[in-house]
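Since the structure comes first, as structure tokens, the remarks are kept for the end.
Letters are used for the chains, namely A, B and C, taken in the order the chains are written, and counting of residues starts over at 1 for each.
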Amino acid sequence: MLTEIAIELLQLLIVMFGSPLLVGVIRKAKARLQGRRGAGILQPYADLRKLLLKEMVISENTSWIFRFTPYLLATTMLLSALIVPSLTTRAPLSFMGNIIALMYLFLLGTFFLALAGLDAGSAFGGMGSSREVALAALAEPTVLIAIFGIALRAGTTSLDGIITRSIAEPLLMLNAGHLLAFFAFFIVALAENGRLPVDNPATHLELTMIHEAMILEYSGRLLALVEWAAGMKLFLFLTLLSNLFFPWGVALTNTPITLFSAFVALAMKLLVFAAAIALVETSVAKLRLFRVPELLAGSFTVALLAVVSAFFIR
Amino acid sequence: MMLLSLLLIPLAAAGLIAIARRRALMELLHALAAMATLSAAAAIAVQVWNGKVLTAAGDLFRVDALSAFMVAIITFLGAIAALYAVGYIRAELDDAHLSRARLFFTLFQLFIFTMLVAVTTDNLGVMWIAIEGTTLATVFLVNLRQTRTSLEAAYKYLILSSVGIALAFIGTALLYYAGAAKAGEISVNWSALRAAAGSLNGEAVRLAFVFIVIGYGTKAGLAPMHTWLPDAHSEAPAPISALMSGVLLNVGLYAMIRFKTVVDAAVGPEFAARLLIGIGLFSVLVAAAFLVRQRNYKRMLAYSSVEHIGIICLGLGFGGYWGLLGALLHMINHALSKSLLFILSGNILVKYHSAEIREVRGLLHAAPWTGGLFLAGMFALIGLPPFAPFISEFIIFRAGLESHPWAAGTGVILLVIVFGGMLASVNQMLYGEPPADLPRGDTLRVWLVPLAANFALLLVLGLTLPSPLVVALEQVLKILGV
Amino acid sequence: MGDAMSAEVLSKAVNLLAFAALGLTILLIIRTSLEGQVRVFALQSFVLAALSVLIALYSASLELFGVGVALVAIKGVVIPRVLNRAVAKIGLQRVAAPYLGTAPALIICGLLTIVAFYVMTPIAASNPLPTADAIPLAFAGVLIGFFIMVNRRRAVTQILGFLMLENGIFLLALLATYGVPFIVEMGVFLDVLVAVLIMEVFVYRIKDNFDSIDVGELGKLKE
């Protein structure tokens, strides 16, 4: 019993404290690729601490949603951290680890964030919310279909089940459906986390921001929570990508050795993904807003092909 | 030997014409080639009629009764169109356009060559290549006049035909797969496939036939893949329209018929029959609907081709001795009457300089021979006795009324509609006062002489079926499985 | 050499390459520049040549090697060169919008793939060859090529759609029966080459006559 709780706590702590580090690594990699030295990889921790100490300025026109949302975001992310198998497939709460439930948790956060953007009544917030919701409307079907693609092949929607079955399959990387689902999921990950080429996380230009527009009114402690939650969302998405599609290294049993090697494997995979994201962000320009539906339609088609492949091609 | 020379004559003629300098030489080579091809074909036909099956180049070429039937049609009408073409090109293209005339004659011979290869080869793949070849050979002929409308027609023709034939290749590949999967023996010959038909994979064969009907049906002018036909046949020069409408469509049908024999032996005749009746009836319907509204007489004739191909398909679908016999006879009769009419339309175009019906008036007064033959040809086309198409249509619908009364009945009603529409247009053209400034007398009268053969055959076949013909047709029917 | 590569691995590799070929067909819808489209077609021809060589290795067939080489030569080099020459001669064109935008077109591609699977799965199921699973993908390529021809308004893009349709058909024959006999394959290539040359001439003529290669302008012959 105690070990179980300890393992859950371990996974939770990794997500909680690892996400700012992940964000820092991505930023550093981007800076290096762009020829700058960039801030240190521990900078996001410093930013979060600074924000926690600052005074909050809240508009009078906001309702309870404005104050409630950052806490909700953080909570949903922490709940998801309990479910997503970052280290092991045998965590005690993992019976709740249904991938559809996971997507719902993410979407809950997005929904409330969109509301909060509207809440302050500023033009930027409303604009960001409408853009975000439009993108979500296109990205969600893709996510679900991509999930169906992998779930069909594995025969279950439980995250643990998918990983266990995937590890057992020898020629996994040659499987077309697998690769297609990965590609679709990657694009959706970029869209959902506000990364280039869909949204620029470092811009505050009216023409280009989506996620930043929604959180523009936040300051102080609330802003810290929102930023932290965004970091955790990215961490969880990348963990899903690594462990669902490249499941080698995930612990199937709960011994110290397997857990440690799982940790190392996870760190390496996340590093590779961070580098990949940095590379993509540096080399691709942000898409015009009108062309983002095309990108998402493309990933939708790819997801559809993945499902078709899972259905018909063994 | 005879078979190879049949094929080599037009090919050699094309090559020689391409390097000829003077018009007289080109015309001579062209006419000689046409007559030589005709004689070779006659010799082959006689041999096959006596029961032989000719082969050449290993088993690449194989002429049985069905192939000989097609060879006869191709070369006979080819010769008539070729002879008329000499006069037509003289009138249409003066010496300033000599290179275009050279192009015309060269492509004409190549066209004949590809059609002959298509009907004499035993290999599905080579047949496919040859039929695609017919498209490529005729595309520049359609655009000979280099006007905007002919460019549009030629482009549409090129694209639609190529797509259709590509789909036919899927059917070919599928049938090939059905043949290969069975015994591991890869065979693409009609003879081998026919023999092994009983053991072919039914699914694959059915799917293959659907693709074949869509694909080669595009080439044959079946609706709804016919949209290129009115444009291409009306924009092409008259002798080419005659050959395309009268002969090339039949070659497309030939391909379908060859596949049909294999399909019927493999999965029973109902599948092909239903498909052919459906698409044949649809073609007649579409043709009738568009034909009655035509203001251009060449387009009217083109739509009439769609209609008649639909009728032939109905005959093939109705099946049995009479249905198939009627279909074969109608292939001949339609070819004869349609080529007659298109060649005459060439004359009319040269005389009146317009393809619109309302611009052509008083044809009987202004050009008695042309007008008279045109009237006779029209009577033949719409199925009036004593001309031959009446007989073949009667046979087909008689067979149909027994087995598929609704389809046959609808077909007859549609024929009556077409009858009325075409007769009205023809009357407009033939009677009345010709334009005052039009010179009287037939143009190109001397070049109409070959049409006498057409006319005579239409009359003779309308009054009686000579027994050599019946024997020949029955040989073909045996191949079709009756 | 058949035992050097098991049927399982061949099947998976063939699937991957077939998906890549299909992906390239869909890519044609996304790319709007004519040079880019020609490049996509050339790339697809190379992928198909790689596929033939792979299958040739597995089935130890010299013919297929020859087919692969011919494919690279004709569809990978000669035809793209012909098309590039045509594109260069035509010069800058006012981009005529296709009838359907990119996003709906992409979704239609997905639906066409499903249709292709529906039609071809019985054939694939009954086929004993290890390459048979990818047959529906080839047919999807055919359908999507056809869709491109119908949807796009520039004559050169229509030609490219036709060429991709032909590629799909070649792939279908390759997967179903390891290709048709050599002589037929060569004849088909020859036909395609001549067809493209003729189409090129027509594109020039259309450009001269109508001053654009928008086939929507070719609309005078109605009825």
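Quick note on the criterion: a residue touches a chain if its C-beta (ideal position, glycine included) is under 8 Å from a C-beta of that chain, and two chains touch if they have at least 3 such contacts.
No experiment lies behind these values; they were computed from the predicted model shown.
So, comparing each chain's Cα centre against the centre of all protein Cα atoms, which one is closest?
Of the chains present, the most centrally placed is C.
Going by the contact definition up top, give me the pair of chains with the most C-beta pairs touching.
Per chain pair, the contact count peaks at B-C.
Could you work out which chain's C-alpha centre is the most distant one from the centre of subunit B?
A
What whole-number Å value describes the gap between the mean CA coordinates of subunit B and subunit C?
31
Hey, how far is the Cα centre of subunit A from the one of subunit C, in Å?
Once rounded, the distance between the two centres reads 37 Å.
Averaging only over C-alpha atoms, locate the centres of subunit A and subunit B and give their separation in whole Å.
66
Out of subunit C, which residues touch more than one other chain, so two or more?
none
For subunit C, which residues count as touching subunit A in their complex?
Per the stated touch rule, the residues are 8-9, 12-13, 15-16, 18-19, 22-23, 26, 30, 102-104, 106-107, 109-110, 113-114, 117, 121, 124, 133-134, 136.
Hey, which residues of subunit B end up touching subunit C in the complex?
So the residues of subunit B in touch with subunit C come to 123, 125-126, 128-129, 132-133, 135-136, 139-140, 143, 146, 148-149, 151-156, 158-159, 162-163, 166, 169-170, 172-174, 176-177, 180-181, 186, 188, 201, 203-204, 207, 230-231, 290, 293-294, 299.
Contact residues on subunit C for subunit B in the complex?
119, 122-123, 126-128, 139, 142, 146, 149, 155, 158, 162, 165-166, 169, 172-173, 176-177, 180-181, 183-184, 187-188, 190-191, 194-195, 198-199, 202, 205-206, 209-210, 215, 218-221, 223
In their shared complex, at which residues does subunit A touch subunit C?
171, 174-176, 179-180, 293-294, 296-298, 300-302, 304-305, 308-309, 311-314
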